[in-house]
Amino acid sequence: MIPLAAIDWHSVFFFLFAALACGCAVAVVAAENVVRMALYLVLSLGATAGLFFLAGAEFVGAMQLMIYVGGTLVLLVFGVMLTAQAPFVSIKTAPGDRVLAGVIGAALLAVLLQSAFSVPEWRKPAAGRDGEPAATPLGMALLGTRVDEASAGAPGGVRSGYLLPFEIVSVHLLVVLVGAAYLARAKRRRTPRAIEVAASMEPPATVAAHAAVGREGSRGGSVLAGGAR
Amino acid sequence: MQPSLSPLVASLLTEPVGVTHYLVVGAILFTAGVACMAVKRNALGVLMGIELVLNGANVNFVAFASPYLQAEGGKSLGLDGQAIALFVILLAAAEAAVALAITLNFYNNHATVDVDRADDLKG
Amino acid sequence: MRGPGFLEQLDEALPGAVVGRNLEAIDPWVEIAPERIADVCGWLNSRSPVRFDSLQCMTVVDWCEPDPKKAAKVSWQPHLELVYHLWSTASRVSLVLKAKVPRWKGDVPGQLPEVPSLCGVWRGADWHEREVYDLSGVWFTGHPNLRRILCPEDWEGYPLRKDYEQPLEYHGIRGR
Amino acid sequence: MAEFLINSVGFPEWLAWTVTAVVAAVLILNVIAGGALVFIWAERKIAARIQDRLGPTRTGGRFGWLQSLADGIKLIAKEDLMPEGADGMLFRLAPYVSFCASFCAFIALPFAFDFVGQRLNVGVFFVVAVLGLEVFGVILAGYASASKWSLFGAMREAAQVVSYEVPLGMCVVVPVMLAGSMDLVTIAEKQAGWVTNWYLFHDPFTFVIFWVYVTCAVASVNRAPFDLAEAESELVAGFHTEYSGLRWSYFFMAEYGSMFLVSALAAVLFMGGWNGPIPVARLVGLSEGTGDTANYFVRLLGMANLLGKATLGVLVMMWVRWTLPRLRIDQVMTTCLKYCTPIAAAMFAGAMLWQLMLPGGVAPGLSRPAGEIREGWLEGPGGRSAAARSSAVAGVLP
Amino acid sequence: MSHVADDPRIIEFDVRTDEMLVNMGPQHPSTHGVLRLVLRTDGEVVSEVEPHIGYLHRCAEKIGENLTARQWIPYTDRMDYLAAMNMNLGWALAVEKLMKYQVSEKARHLRVLIAELGRIASHLVGMGAYGLDLGTFSPFLYAFREREKILDLFEEACGARLTYSYITVGGLTADLPPGWLGRCEAFLDQFEPIIKEYHALLTTNAIFVKRTANIGVMSRDLAIEYGCSGPVLRGSGVDQDMRRDGEAIYTAMYDGYAFEVAVMKDGHYPRDHEYPPVPADAVLGDCWHRFFVRMLEVVQSMDLVRQSIDRYSACKGPLGEPLKLAEKIPAGDAYLETEAPKGQMGFYLVSDGSAIPWRVRARSSSFSNLAVAPELCRGCLIADVPAIVGSLDIVMGEIDR
């Protein structure tokens, strides 16, 4: 039994989020139903955001939640719903493909794990944890000014920030937005709206003109009884 | 708790996590993503695989960037890692938008989202 | 343009369509040959001097006495009488048209009598004709969608006919 | 609290932190659950009063205090139905996804100086991001219910919430820009003092953007006149048509939780947070650092202040709901894309220029050489803790 | 998959979607009873609406063939149960027309009084329920609050709050209790300023205008062709009101009463009261105008009630007894349309000379008004369907009979 006092809660939460992230990632592969896949992906990416928070990258974590989970995945779920007709909700994978993917995946995982464990320094972190709030330096770096410690030793004192990549990404995003909107267009017939139908019909006779006609018969009653009245 | 399991669990829970831990998570996410791209026939499933792969890479970047996880005297990537992770997230959003547009267009034209049926260019 | 002169115009335009009239009744009416009803209404709607632009009401009176004792005393032969109440929005006058049709086509029970549909004249006739078909059992030829409207689609019989008998049960629900 | 436990009670550090965490979690949970009960009761009373009715009068005494509790018990006892064609797992999971999102956002919400679950230096961002996740529960509920009305509601909600996140984000950025920090505590502390220090009255642009924020916040929590996802006259009940019992009540708690959250966020971002219109604590000589008890009292006062403002926001939402008709989905989108977004963008630019042009503004990196900023950052006055860091940055910027 | 583009006006660029059949009703919060609308939708856009009616069919016409004319009065109550007084009146007048019977002068004015109060009550429900359809709850209760007061008056007069059977063949079942007129006038005085509140909450509310203006536009010809009537017809600019244009036996009831038909003439509504201006977006024949006509008629009916109170109290002499329960009806047939709140309510009566009619027929305004709904809803959004159907102000009891 481990004494509670000895438990590193940071590690506990790490394992919690790591298990959620990895478990849900595997579930994405295993799931047949595309909507469930989307749910697992959401959970996996959300848990990864938790890992980012634990690693001290709060800004990246919040970004991950906002853009990735809140934006991209809602878009993805939208796509799922737009195409979620019964036959496509779960397209079965051939068992052969599964086996092949399993083998290749296992091999890839083995290589990656080997490299992950290969550097001893990576396995033993310092006990004392002291991070810096990264949001402000990151924001400044994106605007072209580096204020973090890493830049202190750089020649000239100040390293350049990410202004150019930042601008490129913004323009890129704009282009992508336009492109995506263009791509997703499709020609389709539709029935004209009621307003358009009404507009295409002959304009209603003016009330005044109508009233003039209306004066011909004074009161109700049968057309045949006119003579008698 | 089983005595045989105890030392490992205890060491996991009591020792601080390092870069390696993150790398393992990243590797699993990456592998799951690759497998997803390979296995899924639904275009959106493939798209989800790509997201997982990018996310796995992101985990690595953040891990290397984090000063928390470094060994004594180790140098972290610092802001560079986080900035790259940010750009990856942004580009993933862009990629998802385009991929989704392609998928929807594919769906419009072929009435299916099965990527195996996208074989118009096959000789 | 009111009074009997209007009828003469109708006769002139469509000779033979008017087969009877009663101008002394509370609501004076004109009887039209049932097969000419669509022509007459078309004329009334578009070419008549008084434009009858709406069909207000349409109904069927079943002249039939199921009780044989009483039936012996009545002066009429069993028949269905279609009654159309037209209204002219512009001139604010009404017109009652009647048309007599046999209760069954060719006197074969179950064969509905046929009358031309007025849907082509007034679109509002659609539901009225469906209701008449549903409750009184008159088939309107040329109607785009002649289905039961108030009763369920699988209902049997025409409830507003005098000889209608309520079913004993309907989908397990006791009727009587 | 943890320091208090360690220093005064003599708890070991780990236990102190655990107890603190549990207490914080329970408190937040109770704020949502208990708050939802109170707000549901308030909504019924307010709706009734607006409509010339009395509302609940009997349960629990004169004003029907316990009405929502009684309703809650009824909901627990109610049969939990699931439609035949529903996707069982997703159907069961959906309410909890919604609720968790609403619940998680409270972690970063400060109730007073240091009265915060976890002080994040990206607090604003975190709250907005997590709040956006609530939509997932709704989408899942709509899809899993196997009902067309639910699906309509879910699709409307998805379209609406994702769209409104854009102007909402822009509105939120303005106070962040003024304070030079994304930390909610810092933002609120910057507005300490008289009412004129509130960002709401900082400049004309912030005043306008506050109202844009109100619009977007109401839309993003799906309240009338933007409650299209559950429009009862069109979609029966929208995404929760098929829900009953406890699961349905989770959606409700999530809704009221988010209502309170966006109101509290508005209070922190624009209305000084726990700093009242009149700095009572300072006027009577109670300010930070005059002793533990006094300090604690000041914070409690601040918390009451913030809760009051947030509750006011919720009450305004209720007032609006019982007064206005509902917009149509295309009009909702028009409001977002044609009005809110451009206005927010223009106000954002305006506030930025105001900061840049007028004395006392903050313009990082533009008015000072980069090296100077870096030096200031590295050698901030307040030591090396995270909180001190952010204040150091704020201090070094002109 | 190739799509043929024929008319650029009806081509839209969008994601490929599939049509969906949705049942709105018969258990749906906004269908005013048990109406079932089958919507064919493409996303939020409705391409076709098909009303299915008959869920409230109670064979009233068949029952009428087995009861005497006066015995059928309670069945007319259950047609437009929100304006039962006007239903009673329609049937009573139709029978009186066939019998060539004339009620006393006092009964005539009392009938006007009661019928116009009934019109106010019905329009209040129509207005409140329309707010409900558009997602605002409070006006509904404000409307019901005032309607309750009318129902209280009715209850005092006849003992019932919903199905009155008060106006009957040959007169009314009873005279008004003492003090009733004073209470009625007090109600009118109290009610008059409240109408401004309704205008503030609904008629001129920006969101309300957005939801109703230029929605469900019904051209004049369409309205006439479908036989629409009442506020639905007048909302399209057709100057027709049976109280003025109907048959002699009905218009005689309103002889000497001053009122102007609530219809837009030459671009404006009658200006005998302070009404809010017509919003710029509103098109003649849209939901807003149908709603507005109802609001105007409430004011108009209040005027008529005031006039009738004066005339009724000026009448000396007895009210007159209604006809016997089994009074024989002369052979023949008669059809009479009266201006009920929802539109022209026609009763057709065929008699073979006995006390029991040979054939009874009720032509209801809502029946014709609802029949237009598919035309109006084509191509609208789902949210517009309740807005359009609500603006027709239908009552299922009248449609299904």
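We just call them A, B, C, D and E in the order they show up, numbering each chain from 1.
Rule of thumb we're sticking to: a residue touches a chain if its C-beta (ideal position, glycine included) is under 8 Å from a C-beta of that chain, and two chains touch if they have at least 3 such contacts.
Computed from a prediction, not measured in an experiment: that's the story for all the values here.
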Contact-graph distance - origin chain A, target chain B: 1
Which of D-E and A-D has more C-beta contact pairs: A-D
Rounded Å distance, chain D centre to chain E centre (Cα mean): 47
CA centroid of chain A to CA centroid of chain C, Å: 63
Interchain centroid distance [CA atoms averaged], chain C/chain D, Å: 67
Multi-partner residues of chain C (at least 2 other chains): 27, 89, 92, 94, 96
Residues of chain A touching at least two other chains: 7, 59, 63, 71, 73, 75, 78, 82, 130-132, 137, 146, 149, 184, 186, 210, 214, 219-221
Where chain B touches two or more other chains, by residue: 104, 107-109
Chain D to chain A touching residues, read off their complex: 12-15, 17-18, 87, 89-90, 93, 120-122, 125-126, 128-130, 132-133, 135-136, 139-140, 143-144, 151, 154-155, 158-159, 161-162, 165, 169, 180-182, 364-365, 370-371, 373-374, 377-378, 384, 386, 389-390, 393
Touching residues on chain B, where the partner in the complex is chain A: 1, 6, 9-10, 12-36, 38-42, 44-45, 47-49, 51-52, 55, 58-59, 62-63, 65-72, 74-76, 78-80, 82-83, 85-87, 89-98, 100-105, 107-109, 112-114
Chain C - residues contacting chain E, complex: 25-27, 53-57, 59, 61-62, 83, 85, 87, 89, 92, 94, 96, 122-124, 126-127, 131, 135, 148-152, 159-160, 162
Sites on chain D touched by chain E in the complex: 47, 50-53, 148-149, 152, 155-156, 224-225, 227-228, 231-236, 322-331
Chain A residues within the chain B interface of the complex: 1-2, 6-8, 10-12, 14-15, 18, 21-22, 25-26, 28-29, 34, 37-38, 41, 44-45, 48, 51-52, 54-57, 59-60, 63-64, 67-68, 71-73, 75-76, 78-80, 82-83, 87-88, 91-93, 97-98, 100-102, 104-105, 108-109, 112-113, 115-117, 119, 121-127, 129-132, 134, 137-138, 141-142, 146, 148-150, 162, 165, 169, 172-173, 176-177, 179-184, 186
